[in-house]
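Two complexes, one shared chain (subunit A), two partners (subunit B, subunit C).
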Partner chain A sequence: MTVSRANLADYGLVLAIILIIGGLMVLSPAFRDPENLIGIGRQVAILGIAAGAMTFVILSGEIDLSVGAVASAAAVVTAIALSQGWGVLAIPVGLLVGGLFGLLNGLLIVHVAVPSFIATLVSFFIAQGVALTLTGGQTILFDADWFRTLFATGVLLGNRAAFWWLVVVALVLWWLLARTRFGSNTYALGGDAESASMLGLPVNRLRIAIFTMTGALMGLVGMILIARIGNARADGAIGLEFDAIAAAVIGGTRLGGGYGSIPRTMLGVLLIGVLNNGLAILNVDFNTQQVIKGALVVAVVLIDRWARGEEARA
Partner chain B sequence: MLLELDDISKRFPGVLALDGARFDLVAGEVHAFMGENGAGKSTLMKIASGLFPPDTGQIRLDGRAISFDSPAEAKAAGIQTVFQELTVLPNRSIAENLMIGREPVQAGGLWLDRRAMVAEAQAILERLGIDLDARAPAGALSTGQRQMIEIARACAERPKVLILDEPTSSLGRAEEERLFEIIRRLRADGVGIVYITHRMSEVFALSDRITVLRDGRFVLTGETSSLDRPALIRAMVGRDVAEDRHGADTDTLPVALTAQGLHRHPAVRGADLTLHAGEVLGVAGLMGSGRTEIARLLAGIDRPDSGAMSLFGKAYAPRDIREALSQGVAYVSEDRKGLGLVLQLPIADNIALPSLKALSRGGLVTPGRIGAFARDWMTRLGVKAASPSVAVGTLSGGNQQKVSLAKWLAIGPRVILLDEPTRGVDVGAKAEIYALIRQMAADGAAVLAISSELPELLQICDRIAVVAQGRVVDTVAAAEASEEGLLELAFREDEAA
Partner chain C sequence: MTRIHKRPGLAVSALAITALMTGTAAAQECLGTAEALQLTPEQAADIGARGLTFGFLTNNQSDDFSRTLVSGAEAFAGELGVELVINNADFDANTQLSQFDALVQRGVDGIFLTAVDAGSIGQAVRRANDADIPVFIVGGAPARGQVISVMNAASYQGSFDATAAMMDAIGEPNAQIAILGIPFALQTIRDREKGVLDAVGAAGGQIISLQSDFSQDRLLELATNVIQANPDLAGIVATWSLAVNAANEAVEQSGRNILIAGYDSEVPGYMELHSGDTNIVALSGQQAALQGRAALEGLSQAILGAELCDEIITPNLLVTADNYAEMWEVQYPGVTPPWEN
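On to the complex of A and B.
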């Protein structure tokens, strides 16, 4: 029956998370330690924000390969601003650096008609070049306790600031996507770009807005990153793009656009976070963890296709 | 005058789609817009809808000159269009589709009012008598239901001008009746309605006036009551029919290829066909009649769901195009660039491509042997090019088509299926290609030619099969056929279904 298959695809992820969490709790006392469970929230903050933004991009039918490099560049610039004593001004500077790279992505896609894969690859290289030039390959140190408290180390309700930033960003993204015309148009664009433009939706402005917003959020990610470790490197967040795509896809976001949601992506983030944490506690080495993550993505894609195949035939 | 399109011309790469076309619409009328496939009806209405600008000419709405930079501007001005290409978004609910671009909001636009959106959408559906749940996803709807959603969306925007491009092409009888009811109600409310269609019965049942376009040019506008069916067909066809006719006595010719009861969902629905060696059999039909899909089955590109074919008396069920080729059945696609030729490769390589096996010695082919082979075929078909090493992409449409023909003739096929053999070919080269096609039949090949151009079929064929609704509805001797008669057949069957 169609309904049961579709439901399985919908709830399979929740089921998988519950099973994995349950299994790990039984297997490992260290995992079920409340401190560890709260810690998972912290560990997934950066991935969660990046995956949320990536969900927006993928929903609109595009891809953003530059997120890791842009976050790294924003991190480096913010760290330099802090080390130069710019104080609170460092925050808008970081957001601006991210936003400008996002704007560049959007402009390349809309006005130069470059596919997003290429446009964001270009930004990836430029952002890396900027970050490496500014750091000269060195680690940038800064001294700003207020900054570290604000973005990472401040504790509220047992969890650290980074986690609360994720909560705020996820709520705002959910609201944008599910409860505003901006989100509605994003789904329309990803569902069928040609139809969306024939329907008179502002597709170009929409694309630019989505990429600019993603860039600005990568500014935030960069700041959380340096606030957590207390210094900045040019390659600080490289590789984040792939984890973000993986989390969105595991959450059921369909590459090609149109299908997915923020809550589901956050489930994908949670699954990756729980797995990483649990496997580390069980002493599974990092390389094996990567293999498991890859297998998970394939499994989700297969389940999605299976559930959709049934829909298409119905 | 509500909407006037005056002296509109539009050129696309290689074709003059509109050449001084005009159309006018008054409030409270249904104005049927007719013309053969490719006459430029849809292009003109896309210009009126802001999809692209005209090269020259003027658009006036309520007497004021206007120009649209986007579909959104045309909509804002009160022009709503339901295109043939459906724009229903499969990933959104029916309500979201109906209300897109004008979703109800609360809290000063910060929050979508979903409840109001669903309620309003449901009210629209009910008002139009469409029995669907507004919350259901649109992806599961049938094409006919999507069409109705599309129409409902356009109506809900309270348009001044409503343009419907072949709205009934995917509707069932009941939906069709409902649509007519809606159209009559809108007309009574003073909306001006442009109704593009191929179906004569609808034109006479619905419209107040009729405009006919031919080859991108204005032919006539008249009151529906002053026009009849033959007059309309004459206006759409227009040209004098060529005199030179062929008429092989097919009874004396050996049967080459037969098809019985071919089905392939959804386009082919029970096609029967007999093709003789030494004849040219034409296939006529409106766009979407299934004529290309039938040829694809014969060529082994697609496989039928049911039905049987035979080739020179033996059962013929090719698994793919390679198997069809190995049995001597060649297909020359209507899409020369996409499927037929490798444009960046030289003429020689293109011609030799299917014959490489025959040309190779111990698995190797030499440029010299390919060149000589190609030169031979270029002379036979009269390909005009400096040398066989010229890239095919630089040739004219006519010469490209000749290369495409040479390539398949070179393997010595017994059956040749031609889909639109003269598309994009200028008049002079057309005559040469016609002669080549006749020559193939004279040499004993069985030739099947699909064409949208009826004069072309009358000129080159011995017999003409008329396809409608995925079936061959009649086969007539070309010598006794007329354009009017063929169109009549194609239309009648299209409506009967």
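On to the complex of A and C.
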């Protein structure tokens, strides 16, 4: 049986993850401890949700640079609401903050005709400004054990709540993308926006919906973030956008739009999570970790491109 | 003859000793501590009567240190009767250069700055030198231009003292210690890590892990992984504020008895110590408010003709569960403690 390039495209990433996990298991007994392997799931929860949302954005042919700042702003607002005794109302407030920033992105792109790169950069600055103004640069503490249990620290079936939130969100996003008209329209929009419009697809509404959904999910990310660490800072999730884009691209999502899937993005998330965990356990220093991760990302993307070259010709 | 021959030798020796002593005396004449910079009431009145304006440039105002530094300077400027022009560069070196040049153009009487990039601010410092404007800097001297002094917290001593307190509390030889830090290639960070290494070495412990990151969430992951991978881990030294929070959270979630020492004592750390149920043994607190005040006193002293030493070290506070309330008042003068809110 020969392994074709097309097989590699489909299974290469899985193979890479298996090889890396196998190598780390050989190198470190601590890595292969089941408790550690389970822990990777909760450690990638934030990245996984952000990367899932980013997959929709990239599939539609757009980009969202505001996700980290929006998650931070939502986190700060939620923490303030919790510290002021708003209780369970803090949850919809956090989701609303994220959703409103997403809506702003969509409206700027659709009605002001600003490219998503610029529109989301604007939102990035506004969200960062809001978070800094609200916190005054201070760390916001809150006392709400129920909130932390619900979004991060609670244990269900052997894993923490943060992991289960990732599972739920990934399943919903997969269903939306693979099983609904919303998902097929998203692919069509990213494949060729002009044709999609000529075919009568509600292109503008679709863009607004994708960005609003991404914003709301960043509200959820913000809540998981503060539930994990127990405080909120204006810069809590800054930089998340780049990791989310990297995970989606490693998973094979085409930056030009129209190609990608949630399961593959989750594989990209898993690869990053395994590397982060394994390299820390092996006590590899920060700079070397960055180099190793960068080199692996390039290798995975190049192999994927090479494999898809044959697929495209077939 | 012999005596005559000996006399020049003795004279030369005496001269050399005198020169050395004079040199030492001259070196000691420079003002080298925050305490030495303090203005007498007469000096303060003199400065207040001159109607001076000082520029105060910060690399950011989004962290606790910078905010406290600015508030310390603002409080003392009001007391002293000088105008303070405060600019925040928000970590942008170009913005800071423009702000610096604007202050020189305006003809302020002195500039104090926490540089975004000490390497790139040199030309601007030269322009201030040409305009006879004294420049006082935190962190490191610029590559070009002359500053009246460089102010630094006692990074080495602070981290040494906090780590030594933790090692003392652990009380076991060969204790396994992990460092959780920040990947900045700055002298202050190297000094903090050196302080940790020396204190752990002096107590007979061993460093088994050194991990660092900029993000609190990622630091939590790192601390969790290090705890998971090292069943005999006895202590974590966190060399900056977010690492302290992350280490504390990771230890709490692990349920293990791992002690923590930290550099930077901020609100979450104080609240932990206040809780009475914490694994944090000691935190080293930088006196940012004192530095803000010393900044204006240093510029004032230079204007009054005093010589400042090349480096001025401000002492750190060793904050523990026993003295946190007292230390809060020193570190954050005039600010209501968070446990009273």
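Following the convention adopted for this analysis, the second predicted complex is superposed on the first by the 306 of 314 C-alpha atoms of A that agree within 3 Å, B and C clash if a C-alpha of one lies under 4 Å from a C-alpha of the other, contacts with A are read in each partner's own complex, and residues count from 1 in each chain.
One rule holds in what follows: contacts are C-beta pairs under 8 Å (C-beta built on N, C-alpha and C of every residue); 3 or more make two chains touch, one makes a residue touch a chain.
Keep in mind the model is a prediction, meaning the values are calculated, not measured.
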*Superposed partners subunit B and subunit C on subunit A - clash or fit*: fit
_A:236 in the overlay: touching subunit B, subunit C, both, or neither? Say first, second, both or neither._
second
_More subunit A residues in contact - subunit B or subunit C_ = C
*Between the C-alpha centres of subunit B and subunit C, what angle is opened at the C-alpha centre of subunit A, expressed to the nearest 10°?*
120
*Between subunit B (first) and subunit C (second), which, if any, makes contact with A:30: first, second, both or neither?*
second
*asked:* Going by the contact rule set out at the top, does A:141 touch subunit B (first), subunit C (second), both, or neither?
replied: second
*Taking the superposition as given, does A:149 touch the first partner, subunit B, the second, subunit C, both, or neither?*
neither
_Applying the document's definition of touch, where does A:180 land relative to subunit B and subunit C: first, second, both, or neither?_
first
*Rounded to the nearest angstrom, what is the minimum C-alpha distance from subunit B to subunit C in the superposition?*
30
*Residues of subunit C touching subunit A in the complex*: 61-64, 66-67, 183, 208-218, 220-222, 224-226, 228-230, 242, 245-246, 249, 253, 266-268, 271, 338
*Report the residues of subunit B in contact with subunit A in the complex, numbered from low to high.*
51, 70-72, 74-75, 83, 85-92, 96, 100-101, 103, 105, 109-112, 114, 139-140
*Touching residues (chain side subunit A, partner subunit B) in the complex*: 179-181, 184-185, 187-188, 190-192, 194-202, 258-259, 311, 314
*Within their complex, state which residues of subunit A touch subunit C.*
28, 30-31, 33, 35-36, 39, 43, 46, 132, 136-139, 141, 153, 225, 228-231, 233-239, 276-277, 280-281, 283, 285-287
